[in-house]
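Here come two complexes built around subunit A, the first alongside subunit B, the second alongside subunit C.
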Partner chain A sequence: MSFRAISPTPEAWKALADALAELVEEAAFEITPEGLTLRAMDPSRVAMVNLSWNNLSFEEYACESSMTIAVRVDDLKKVMKRADRKDRIEVTLGQGNTIIFRFKDGYEREFSIPLVEVGETHRPLPKLAFNAQAKIVQKALRKIFEDIDTVSDHVTIKAQEGLLEFLGRSEIGQVQARLVDSSPDLLELAVKEPSEATYSLEYLVDFVKAVKPAEITVLEFSSRMPVKLTFPIDEHGSYIEFYLAPRVE
Partner chain B sequence: MERDEIFGFRPNIRTIRPPSSLCIRCRGRLMLCGRRTCPLLVRVLPLLDQVEKLSSLRSLEGSSPPGLFVGRIGYPRVLMGPLAVGDRGDVGFMDSPEDWYGLNYRQIAELRVRLVRGIKPLDVKSARDPPEYLLRIHDMLLSRRSSSLELEFSRPPRATVLLVDEAPPFGPSGPIESMRALPGSSDRSAEKVYYDHDMRSEKAVIYLYERGFRISEIQRMFGAGMLGVKKDRKLVPTRWSITAIDDMISRSLIDEIKGYPTISEYRVYVESHLGNKFVIVLAPFRWSFEWMEAWYPGTTWNVSGSRPEVIGDHEGYGGRTTYAEEIGGCYYAARLAIAEALRAERRQAAVIAFREIYEDALFPVGVWLVRESLRRTMNVRPSMFDDARTAFDHAFKILKLPRDLWLSNSHLARALMGQRVLS
Partner chain C sequence: MLNSLEEVDEAIRVCRACPLHSSRRNPVPGEGSGRSGIMFVGEAPGRNEDIQGRPFVGAAGQLLDGLIKEKLGLRRDDVYITNVVKCRPPGNRDPEPDEVKACWRFLEAQIMVIKPRMIVALGRHATTTLLFGPGSRTRSIMALRGKPRMVRIAGRDITIFPTLHPAAALYNKQQISTLEEDFEEIARLVRGGGRRGTLDEFL
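Up next is the complex of A and B:
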């Protein structure tokens, strides 16, 4: 079993650890010569993460044979908290069922955390057809969700030709955010048919905040159906996807 | 003295509870709350006879359950001391709410007012380097058995009945002139955390809990400043220590259950006890918790109201960062009982709990009532349902307050009913 992957910065690892921490206790990576993948569903079956991190995204990547390994997300998060922005990260497998993270920027640090038994893998992705698709500047989306979070624990997303709206309402008040075709934060909007659906902000706010290194987000949904958010990690086609089931009144 | 104790209100909170410490201090003499009759005094009046008898004592020879009282007034210099009764032998049950399930209001009060509170002023920080008086109390609390105890009072105990939300009723209090105690043999686990001056108090609390110590035992040791890093040890007023222990233990349990799968159906647990009705709905989602209470007119904290008052607090998966202001100590006691049951089952769930308090709930007896009622409820087989709608329909059939009133006050119920899952 040999595996080695080097990233020039810790950003993607940090984002992944933060995003997973909101959803699951353990995470199983599938490691193949082509790259790393991971699928994790929260225990409520309300949200799911799908990671596709291909070997081109790494400065160096070596994997002789495919394998699946699992770690405790808490462990991963603790290690990633110690990484500085400029650290290069080298990931290898260590002796006695461990995974090793080496941070290099000036002096070298090595964190080794235990692997845990692999639970369920190969979870199928939800099969969904989307009626609305928008490409949004990720920072704007993050702010919109946080705006709405001030009054409500859920957000209603409405899409029609040329207009994407986010609404939150509760006894405290109401918040509305609009992205129109000409908004610099809305890069693309394609609406097959007008759509409207409501989602829990408890999941959305944390997740979107975690993946802040992504510059854009592709948001896809249909009325009363799950939403899918795609966060490209880099220009090599690697991405983190997030699925969230709707709330229906 | 805190602002709410003087003015009878807490900002931003629907005031349906006159701050209980105000009532206690006033005891119906001054009518500080503005009512014409004191709600508490009317109910406790018959007990005062019994208490009067104790108030002629200059000394008391008997036992301590062991029990402890740490007051709040004057913080950080507080009145504290052992609870004592003029009986010999095992009187442990007198300060063990875990044994009181099944007693009625009168029995609880009668049991409690027989205990005299010996008090002496101490700085809360004296727990770092305990004076002789405190050391002897520590010795009594290191034992899980009753201690022989002799108290001399500098003046006869004052005939009071102290009723607060969090703690069991307390009887008369007398300033201690001298104290002689013969503690039972010390417990080894209790000694381990007591003499470990580097173990953080939270760790010590969990250590004792996992070794089968009762909540009341842990709370007493914590309140007496026997746990934690030596230089941080403090006496903790009884009302606060009860909630602190419920909070610490339940947080640790919740951390654990978050690693378990969710339950696979909707469940409704029902319990009626001492004028209270509890209906607990568990839903197959990750941990979240909401506790709501409806105080009917004529109950302790809604004496003169004309309609039920509904209050509630809740937390999401990430937990709370602030105190559960509306509900107070009950929130944490309830959360402990429910988290305990989920941990035993190695499952997590979203919890929505309803409590109705009717007029026959005579006076506050402490949050143990909620903790012990729920511990029992959660051990009984619940009604099971496939979907949220039928589960909540069932719950609202049992509850007296109309569905819409509950739902308009709930943060989590509507969200849960509408939440779909990924297929």
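Up next is the complex of A and C:
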């Protein structure tokens, strides 16, 4: 069993660890010669993460045969907290069922964490056809969710031709954010059918914050359907996707 | 292929796949509607269960019923209650790995019929079987309890929530508060799912 992957920066690993920490205690990676994938659903079955990290995204990547490994997300997060912005990260499998993260920027540091038993298998993705798709500057989306979070624990997203609206309402007030076709933060908007759905902000805020390094987010949804957020990791086609079930009114 | 709980019950009644059938009084298939989407799985029937042919009817059962009512706000009939092994092992000994393996198809069939979104595994035998497969080496429940994990069983992704066996908590009163804590966490997970909807219907 041999595996080695080198990333020029720790950003994607950090984002992944932060995003997973909101959802699950353990995460199982499928490692193949083509790259790394991971799917994880939170125990209340409301949210799901899907990672597709292809081998081109790495500075060096070597995997002889496919395998599944699992780690405790808390362990991964602790290690990634120690990574500096300029660190190169080398990931290998160690002796005695461990995974090793080597950080290199000037001096070299090596963190070894235990692998845990794989408790989950590659689960299916939700089968969805979306009526609204928007490409949004990630920073703007993050601010919108945080704005709405000041008054409400959920957000209603409305899409129609040329307009994407975010609404939050509670007894303490109301927040409304609008992105129109001409907004510099709304890069694309395609609406097949006017759509409206409400989602819990609990996961959205944390998740969008976790994947800070992504510059663009693709938001897709339909009325009474889950929302899907796609965060491209780089220009090589790797991405982190996030699915969230709608609120049942 | 067992398509209903009645068919599963009947298959258990006539099962001769392991030696336990010869020493039991009654098989204990399980009971409840499971309409809440929650299933409870224990280890094996005890003396009272063997006499009545019903799961969790003794003191441990009373504790379980109370937790279901007080912490989850549900009635016993709203959930489905069963055991990993459907016949009582003589003298209340632990079920043997071969007995667990022989009985697994019935639990799998019950899961296929009930389609639970969460299974509460009561004790180390149920936890080990549901997380790591029938016949697996048993592990410490204290290390696994309170941490839900997703497992694929009978073609479905199911949240397994390991907790203590109510019978063990009866012998150690300190463990009752641990069991209560776990049931509060189960309530949080179940209510969270209900209020926000889940991804299940879209998978």
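To be clear about the criterion, the second predicted complex is superposed on the first by the 249 of 249 C-alpha atoms of A that agree within 3 Å, B and C clash if a C-alpha of one lies under 4 Å from a C-alpha of the other, contacts with A are read in each partner's own complex, and residues count from 1 in each chain.
Note that contacts are C-beta pairs under 8 Å (C-beta built on N, C-alpha and C of every residue); 3 or more make two chains touch, one makes a residue touch a chain.
Quick caveat, the model's predicted, so the values are computed rather than measured.
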Fit-or-clash call for subunit B and subunit C when the two complexes are aligned on subunit A: clash
Touching partner for A:E235 - first (subunit B), second (subunit C), both, neither: neither
First, second, both or neither for A:S44, with subunit B first and subunit C second: both
Which of subunit B and subunit C A:D153 touches, first, second, both or neither: first
Which superposed partner A:E25 touches (first subunit B, second subunit C, both, neither): both
Touched partner set for A:E117, first subunit B, second subunit C, both or neither: second
Which of subunit B and subunit C A:S200 touches, first, second, both or neither: both
Superposed model, subunit C segment overlapping subunit B, candidates 44-52, 62-70 or 80-88: 62-70
Common interface residues of subunit A - those touching subunit B in one complex and subunit C in the other: 25-26, 41, 43-48, 126, 200, 226, 243, 245-248
Touch list for subunit A against partner subunit B, complex: 22, 25-26, 41-48, 126, 153-154, 198, 200, 202, 206, 226, 243, 245-249
List of subunit C residues in touch with subunit A within their complex: 117, 131-132, 147-152, 157, 159, 161, 188-190, 192-200, 202-203
Residue numbers on subunit B that touch subunit A, as the complex places them: 258-262, 284-286, 316-318, 348, 350, 411, 414-415, 418-423
Subunit C-touching residues of subunit A, taken from the complex the two chains share: 24-26, 40-41, 43-48, 117, 119-121, 123-128, 200, 225-226, 243, 245-248
